[in-house]
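Data block below; observations after.
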C-alpha cells in the first residue's frame, strides 16, 4: 500500500505558495481543516484564492486567514457574518465571487470525475448566468459551468488510514469529499489516523487515491456557530 | 392577519404524507412545528442530511451535526448523511417533493428575488438558486408588504433575481395565492378577517380573485 | 420516516409493463437482483429495454429473461459469454447497443444528479462517437452523452432499512448505487432488511429518497462466474 | 523472443513506487506477478476497487468480491470499495498512473483497436474505451504479429478503433517500442536474441531504430 503520512500540518502545507488556489472543506465552521488553517496563518503565505462554501467567522476558520490578509479572493456561496470580511470587501482589498452552493459542490465533483463541465439550472435568468453558455435540454434551460481545479485541496475527516482513505462523521462530511477529489494536491487532516487495513473498505467515503498527504490533527476546537437547543420536558 | 407562526401553520397543510421537504431559514423553519400528526415527512438539510430531527437537548449538541442554517440539530431513525454534491444532486433530480423558502419579492410570472439588495453587503445566495431552479414544487413564505408598506408581490421584481418562473404558491400574512402559468396571482384563501379589497390594495402585481374567496382554516 | 417496504419481488415489479425500460444493477453475476429477475421471468413481461453492464449467462441473471425472449434491446458495455444472446442477436430478435462502461455508469449517475448531459473522452474518434456532439475543453476532445432514464431501476443491496436506505457489500456495489438514483421508480432487494434507525447514517451508500420499494430477498445463489483460486503453501 | 510471462515481466519494470495501476485482462493480468520487491503499488479494478490482492485460497472465494475480469479475488490492507461511476471518475481524472492493456492493432500515431472484429460476434468494449481515452500513461501488451504472421503494428489500424492517439509504449514478444508524438514506432529494446532486422520485417508501420538498440534485461 502507498503511504501518504506526513508529520503534521506544517509539513503538509509547506509548498503552498503565494498566489495559489486552495479549496477548503467545511460548511460554516463544521468540518473545517483547523490544523491546516492554523499552519497557513503561521506560515503567512499570501494572495491566496480560497474556494470554500463559507469564509469562517471573524476569529475562527478562514476568518483567521482574512485577519492576516492572506486571502486575495474568496469563491463561496455564502460569506456569512464576518466584519473583517466585509471591511476588506468594501475597501477593495478582497475580491469575492459568489456562486450557488450546488454549483460550487458540483464543479468540485466534476474535477474529481474528470468532467470538464457540467450543466445546472441554478442561476438561469439571474446575474449568475452573465457570460455563461445557456443550453436547453428537454425544454429546460441549463448553464454550463466548468470544473474547479485547485493547486491544493485541504480537507478534514474523522478517521483516515496511512493509505489516505477517509471516513467523515455526520454532517461534517459536507464539501470535504468532493474537494478531496479536486485538488492537484490533496491534504487531509484527520482526528484519528489508523494503519492501512483498520478501516472497513465498504465504509470509506474518499478512496486514498485522491489523497496525497495525511496526518492526525490535534486540539480540535470544533466551534459551534449556532448553538440551538430545546429544553427537556 | 397571520403572524409568522400562522403562516408556517398554513403552509404545513400543504405537506402530504410521504413528502421529502426542504425548509429554508426563517419562517420556513417554523413549518416543522406544524406538520400534521400521522403524516410521515422527511426533512432534508442541503448541507448533506435526510431525516433531520429537532434541536438537541442542552448538553447534547454535536458540533459535527448541523443543518443548513448552521444550527445544531439531531437525526431521526432512518436518516442518512451524504456529501453536498449528492445533496444538490437529489435536489436537481427532483427527489425533494417540496421546497419552502422566504422571499423579498415575487413577480406575477413566478420570478423570485431573495438574495441581494443593491448597495447592501451581499452575503451570498447559498443554496437558494439551486433550490428554486430545480424544485418541482416551491412554496414561498413571505410578508405581503415590506416595512415601508410596499407590496412585495409585483408585476416584475426590482431586486436581482434568484430564479425565474419557478414559484407556484405564496403564503403571506394576508393570503394564500397561486402564481398562474399564464401570469398573475390568483387569490386562493384570505387570512382570517382580511378582505379581498385589502389584499388587492397590498398586491402590486395582477391579482385574480373570485367573487367568493374563502377564509383560510388553520384548525 | 417514510416506509418503502413491499411484500416481495412480485409486488415490487407488478406494474412493470411490456415495452418498459429497466436498469438492472450488477457487474457480471455479482450484485444482480436475483429475486426481481426471477419474478420478471415468472410474470412474463416482454419487449423490455434493459440497461445493464452485462447480460448474464445462459442460465442465470438476465440470461434467464433472454431465454424467455422478454428482452427487445440490451444496452450494455460487455455482453460476455451467452450463446442464446448471440443467437437472438444474429437472428435479429434482439437489438444491442454497446457503450463504454464508464459512459454507462456516468450516464446513470447524471440522471441521479439531475445533470441532463455529461462530457467524457471515452469513444472520441471511434464509432461510438458517430452522430454525437464533440466538444473541446483545454485542448482535449469530449463526447457529450445524455443522462439515462429508466422506468424502473432494480438494484440489489446487502442491507437496507424500511426507509429505503441501502448499504452494499464489497464489489457487489458496482452499478447499483448509480442505477438506484436513476429510476423513475427504484426497486431495491436486500439480503437483510432492518428497521429504520438500525443502520449508521454515515455508512449508507444510497439514501432512501432514491428508493421507492424495498424488500428482503430470499435464496440468493450468488453464482460465481470465474472461480479463480490459488493453492496454499 | 519472449513468452507471455516475459512480456509481463518486462512491463513490470515500468512500474514505479507509488503507482496506482489498472491491469487489463490477459497478459496485463500477469504483470502483477512481476512487480518488483519493495515497490508499493496499488491495483485498481474498474468495477470499483482499489487495493486488489491475489486470488483467494480455495474455499475462501467471496461471490461479492470480484475483479473486472469477473474473477474471485481478495483485497489488501488499505483497500477501498466504490461504485462504478466513481471508479471511472478517477480514471477520467487521471488519478491512475498507469494502464496496461492488450491490443489487436496499434497504429504509428498511437491509435488502438482491441474490441471489435467485423463479421465476428462483438462482445463489447467494456471499460477499454474509457481507459485509453483517459489514461495519462498506457502500455500495450501484445503480440507483434498475428497468427497469420501479419504485423499488428501498422501505419493505420484496419479494425474499428478503441481510441485515438493515446498509446505511448508497446511491449511485444520481440521488442519494446515508444510511439512518437510525431508518429512512428521507435525501437527502444530488442527481446533477447531478436535482431533489429527481424523486428523491422515484423513491423508494418514506420519503425525508427538507432544503430545500437540494446537487448532488454529482465533480471
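Order as written gives the chain letters A, B, C and D; numbering starts at 1 within each chain.
FYI, contacts are C-beta pairs under 8 Å (C-beta built on N, C-alpha and C of every residue); 3 or more make two chains touch, one makes a residue touch a chain.
Small disclaimer: the values here were computed from a predicted structure and weren't measured.
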Intersection of contact sets, subunit B vs subunit C, gives A
Contact-richer chain pair [C-D vs A-D]: C-D
I'd like to verify one number: the distance from the centre of subunit C to the centre of subunit D, where each centre is the average of its C-alpha atoms, in whole angstrom. 29
Would you kindly tell me how far, in whole Å, the mean C-alpha position of subunit D lies from that of subunit B? 56
Could you give the separation in Å between the centres of subunit A and subunit C, each centre being the mean of its C-alpha atoms? 33
Approximate Å spacing (C-alpha centroids) for the pair subunit A, subunit D: 36
Which subunit A residues sit where two or more other chains touch them? 106, 113-115, 120-121, 168-170, 173, 201-202
Multi-chain contacts in subunit B: which residues touch at least two other chains? 49, 75, 81-82, 85, 89, 91-92, 134
Connecting every touching chain pair, does the picture come out as line, ring, star, complete or other? other
Listing every touching pair of chains gives A-B, A-C, A-D, B-C, C-D
Along subunit B, where are the residues that touch subunit A in the complex? 45-49, 54-67, 69-73, 75, 81-85, 87-89, 91-92, 111, 121-130, 133-134, 160-165
Can you check the complex and tell me which residues of subunit A touch subunit D? 1-3, 111-115, 161-163, 165, 181, 195-197, 201-202, 204, 207-210
Contacts from subunit C onto subunit D in the complex sit at residues 27-31, 53, 76-80, 86, 89-90, 98, 100-106, 108-109, 120-128, 158, 168-178, 205, 222-232
Residue positions on subunit C within touch of subunit A in the complex are 106, 113-121, 137-138, 140, 142, 146, 167-170, 173, 201-203
In the complex of these two chains, what residues of subunit B are touching subunit C? 18, 20, 40-42, 44, 49-51, 75-82, 85-86, 89-96, 134
